[in-house]
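Just below sit the structures, each encoded as structure tokens.
Paired with subunit B in one complex and with subunit C in the other, subunit A is shared by the two complexes that follow.
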Partner chain A sequence: MTLQQTAPPAVLARPVSRRDKGRLFQEIGMLAPAVILLTIFLVVPFLLSFWTAMTNQPLVPRPTPIRFVGFNNFLRIFRDELFWTSLWNVSRFTFWILPVQCGLAFATALLLHQKLPFRNLFRGLFFLPAITSMVVVCVIWGTLFQYPTGPFNQVIGFLSGGRIQPIDWLGDPNWAMFSIVLLSAWQAYGFQMIVYLAGLQGIPDELYDAARIDGANAFQRFWHVTMPGLRPTHVFVLVITTIQAFKLYTQVAILTQGGPKSSTETVVHYMVRSGFEEQKLGYASAVSVILFLIVLVIALLQRQLLRRFDV
Partner chain B sequence: MSDLAIPTLQAKVKSERSALGSLRMVQTASILVIALLIVSPLFMLLIASLKDDRFQILADMGSFRAFWVSSPTLSNFAEIGNLSGELAFGRYLVNSLVILALTVGAGLIVNSMAGFVLAWGSLRGRALILSLVIALYVIPQESIIMPLVIMVSRAGMTDTFAVQIVPWVASPLYIFLFYQFFAQLPKELFEAAEIDGASVFRIYRSIFLPLSLPALATVSILMGIESWNQYLWPILVTQTDYARPIAVAIATFFGQDSIYWDRAMAASVLMMIPILALYLAFQRWFVSSFVGSAVKG
Partner chain C sequence: MGKRLLSILMASAALGGVAEAKTVIHVMHQGDPGWVATYGEIAKRFEAANPDVDVELIYAPHDAYNEKFSAAVMSKQLPDVMELDAPFLANYVWSGYLQPIRPLVDKDVIGDMTESNIAQGTYPIDKDLYAVGLTDSSVVLYGNKKYLEAIGARIPKSVDDAWTREEFEGYLEKLSKLDGVKWPIDTFRGYGIKTEWITYAYGPILQSAGCDLIDRKTWKSVGTLDSDPCVEALTMMQKWVTNRWVVPQSSGTNQFFAEGHPAALALGGHWFYAEAAASMKDDIVVMPLPKFGPRGASPNGTWIWGITTASEHPDIAGKFVSFMLKDKLYRDYAREDSGYPGLKSFAADSPLYAAGGPMAVAFEQASKTAIARPPHPAYPAITSAFMGAVDEIFNGGDAKAALSKAAEKIDEDIEENDGYPPFDEQQ
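Now for the complex of A and B:
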């Protein structure tokens, strides 16, 4: 969500009376659960992650005391080739998922915005994968990707008359990440579609009527009314998808474990591995700090873009 | 307008109509193709879950038999549905349902109360708290998970239901969604109730909450999907079956040399049903309020 701050309702300025004091206590009481929970489970671990990142904390407590190691973890991460591979891989993933997922979502939203029969039914159907657990999606796509006789390979073999050899979707380093892209786009695009539908509904009909009176054809109306009207939506969808892409984990953990040949290793998978397989929590925390900084930069970029578009 | 202009205008309307007709056909065809791409994997899952022979399931995959079952059987469901067997999916399913219900239930109360006070309260630090909450939204779950695991294991919370519920009840996003929803309601609602002497909690409870069905539905669906589909967190904080959710249980299929696809498929179908029910129940409000509040941009 964009979390644009709308103006809070005006606070009624009045002298503090006894009743107002009671009101104040009630308000604090209503706010307290959220504030306490957020502090314990979000703010504290967040601050801790910076501290842990600068120690040699292991997963299982050891007799030797935990040492402060400064930026050593970060230096080691930057020297680790696997880290750069994981960063490169999520960048590749992002590069593919943006056009595939957002493009499909945009196209579908444009179609469903028309007055087609059964469009509510379609909208519900297209959202189904988005509510499906990634684990279930992996069960389904794990069978679709079967090598060499899975459905995808059969279809490709049939369409090409047997000229294209079966593809080892998840086992070939050249294909594995692209396969993860297909599966991920299929799973998550329903959300983007709904966001686009919302954006389309936000464009006033009068603009289209005015364009029609001015003699604009369908393409011109799309280009000069729809696209400018969707600018904030595009920014929002692209940014959210990019952030999601950098957090890629579950499908990789289940289907490829980062392989083959580290071709699907991701930042979060690398973090979980260093933390829980190699038991280096300090090191893993340093990776999590880097992940946070990446997400922060993308989010700040979104703010700047939205400001430029004056919304 | 002269008489001469009328026939050309009619012709123009006619040609535009037929162009519109063929456009409509292209659109309908495109929608059907997309529907096929989206729905057929799910349909295949459903069909496969009704087949008894796990080798046959894979053999059928490459042909149209993937979409057809000659003698459907519920034996896969019976096998995984039993509560104490080796693959006690019934237990995991119940675990997940408990976690879902308590997370969403507590989340609706906690986040809506906070959103309400932030929108209508008279607290002096209100604006500051609101901006802090919004700022917290940037922190991804993945980047706090390492220290959080240490915290909860030190607190002895490993392998409990609480550890899968409590940390995710309060959320900047849902507080903000409620804030935004409440803030757009008319000021007169609050003022009139206040003049009548109603307390803040009472105004929230009896007037604003009943009006916030769209927001409640949206947050229920989003929180429900989030809780139901959690995977990374539960594998880190559960070691036994006691409180383990179904997503983790299904994922264990993948570690084995030969995957029991028949049972994996049946478990997956079972896993889809509750969240689908939640979605269908609240869908009407979900879409309208998602449209209204989430993407103001």
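Now for the complex of A and C:
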């Protein structure tokens, strides 16, 4: 992209002058570090994992030979019920976390964009969970979720006057994923909130002034100025949140280990399990390739979809 | 810290040819904070007795130990001495990570080992010894005396008069209706669903019922793990869970002696005794595991010490293992932790497990009903598949379907590794 901006085709068509050549070298030189690092740490590992996915490579060296197995790993994954369960689970997770987390982030961002006293203090406080380690959050919430006498159940029991039975948040297959959603949204919404705040600050005040002069009320200003102004922000937040949701792992690994009854098994957890616990690196690589393709397709679809809305 | 700095200084001095460098041995271990502190102390004492050796301890958490070990293998940073969970020994030896330990540790240590301890450290192919432990383990049935007397339960005195399945389930039912009992039994689901505890503690229930995780002659799981006795045994356990007789997974692991003593029985490891007895005082009774079918069965095996093939100083590594197993501090701490004797001299030193002692029944199980977990290199796959099946069944899944799936997974792993030669010829 940068190449085109500074050296449009018309310039290249001319005999290349020494100055242009110098500039080209300079640009290549400046691109080089990024390109080299991306190649070493992203492109090569990806190609390697694709290659590993075609073999029966174990995690640690074994006395039996490593063989090329073609697409066997992929076929085996598609035949494994647990893989489909884990895919279904991350889809459920994504479906719930998008409105909960992004909604929470958007609402707090709107609130903190107002001219409140101690605004910066509140911004810091609301951002705190996001900089707390997920592991720590999980341990704390694990205690909050305790059944039957944990704090959440105590509060629910108190508010309902004992009419609502305690909920086995993490131990009931019907509740476990929802509990993970609550905790994840609370931990991570701060990041989206910051992005929304930045987006809100990017909307010029003149637009609001103009709207006010035209007689727009608060809701109309929100709907016709704020929302269109935030369109690129919405796209970004949606894509980022979806991709992160598909990589759900830490919470599950710490709190439920994929249970109960595989109701919180996720694709990444399934991959780590087959790679480390069952020591099948080739198989786990195949899972990672599939996950990559899924995320890629979703990201492209979302872009297309949102671009259509833009017109 | 100061010591480390000193050893760096010494090492750099050695490069200059002034002093001789120290030999460093790496020791990988797991354990709770108390054990970690104890190992640190032992390492210091060993260094004091052997001024030319530096012991570097590498801690890896219990639940991720195998992952951490694999990472060490991948990065070619194997320790000299490693603590390992006995059922994984066959996998480690088959993969070539451990060396025979008999020539490396003191003869009197080897001669001191109990039958069960030798069994847990032996590789079935060459029948050689690859690891030694001070301790062994077992699971017993703890009971709250008050509740048991209230329902008029018979309290078995020895392994031979263990409860039958009918008695056991009858008592569970009665206990569930008794005032003050919230749950008739704690089977420590709180340890999680991905923990060796599942295979270790529930495996013997299958064996007692007349089946196993895998056929130990043909090394095939289909036809064994999904056989009728196994399906029947796990359906029985599923019933305990759906009847709300078992402490749920999310309620923690001390419901037996927690405030108000909400759980009446506990199917718990020997290590649970110290804590439970301290809290329950005279209310605790220790009973053998019930007989669920034709024979009694109990688990054994624990974390033991091996020396890796990567060690450049196997003799010093062996010296460290011998030193540790004889060390008074190690034994004192193990005893305090109600450590289950794996060495005869330690047994003689443990009134807890001696005849007439409160845990005598647990020690009696070792010689009468203990069955080791399958000594096969596919063990990681076996235990992982079984854990998955138990989670599914406890949460309402069909026992037959879940066990068939697990059995197929195990056989698939063995097939993928060409039968783990020479285990495929071992029939």
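Following the convention adopted for this analysis, the second predicted complex is superposed on the first by the 260 of 311 C-alpha atoms of A that agree within 3 Å, B and C clash if a C-alpha of one lies under 4 Å from a C-alpha of the other, contacts with A are read in each partner's own complex, and residues count from 1 in each chain.
Quick note on the criterion: contacts are C-beta pairs under 8 Å (C-beta built on N, C-alpha and C of every residue); 3 or more make two chains touch, one makes a residue touch a chain.
The structure displayed is predicted, hence computed values, not measured ones.
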Quick one: classify A:Phe126 as touching subunit B (first), subunit C (second), both or neither.
first
Subunit B versus subunit C as contact partner of A:Gln146, first or second or both or neither
both
After superposition on the shared chain, which partner residues are touched by A:Gly258: those of subunit B (first), subunit C (second), both, or neither?
second
Mind working out whether A:Leu170 is in touch with subunit B, subunit C, both or neither, as first, second, both or neither?
second
In the overlay, answer first, second, both or neither for which of subunit B and subunit C A:Asn56 touches.
second
Check whether A:Val295 is in contact with subunit B, with subunit C, with both or with neither, and answer first, second, both or neither.
first
With the two complexes superposed on chain A, say which partner A:Gln201 touches: subunit B (first), subunit C (second), both, or neither.
first
Subunit A residues where the subunit B and subunit C footprints coincide 146, 276
Complex interface listing, subunit A residues touching subunit B
1-6, 8-12, 20, 22-24, 26-31, 33-35, 37-38, 41-46, 48-49, 52, 57, 104, 107-108, 111-112, 114, 116-117, 122-136, 138-144, 146, 149-151, 153-154, 186, 194-195, 197-199, 201-202, 218, 232-233, 235-236, 243, 247, 249-250, 253-255, 268, 271-272, 275-276, 281, 284-285, 288-289, 291-292, 295-296, 299, 306, 311
For subunit A, which residues are in contact with subunit C within the complex?
56, 58-64, 81-82, 145-148, 168-171, 173, 256-263, 273, 276-280
In the complex, the residues of subunit B that touch subunit A are 23-24, 27-28, 30-31, 34-35, 37-39, 41-42, 44-45, 48, 57-58, 61-63, 66, 109-111, 113-114, 116-123, 126-127, 129-131, 133-134, 136-140, 142-151, 166-170, 172-173, 175-177, 180, 183-184, 187, 190, 199-201, 204, 221, 225, 228-229, 231-232, 236, 247-248, 250-251, 253-254, 259, 261, 264-265, 268, 271-272, 275-276, 279-280, 283, 287, 290-291, 294-297
Touching residues on subunit C, where the partner in the complex is subunit A:
66-67, 70, 73-74, 94-96, 192-194, 248-252, 380-381, 384, 388, 391-392, 394-397, 405, 413, 416-418, 420-421
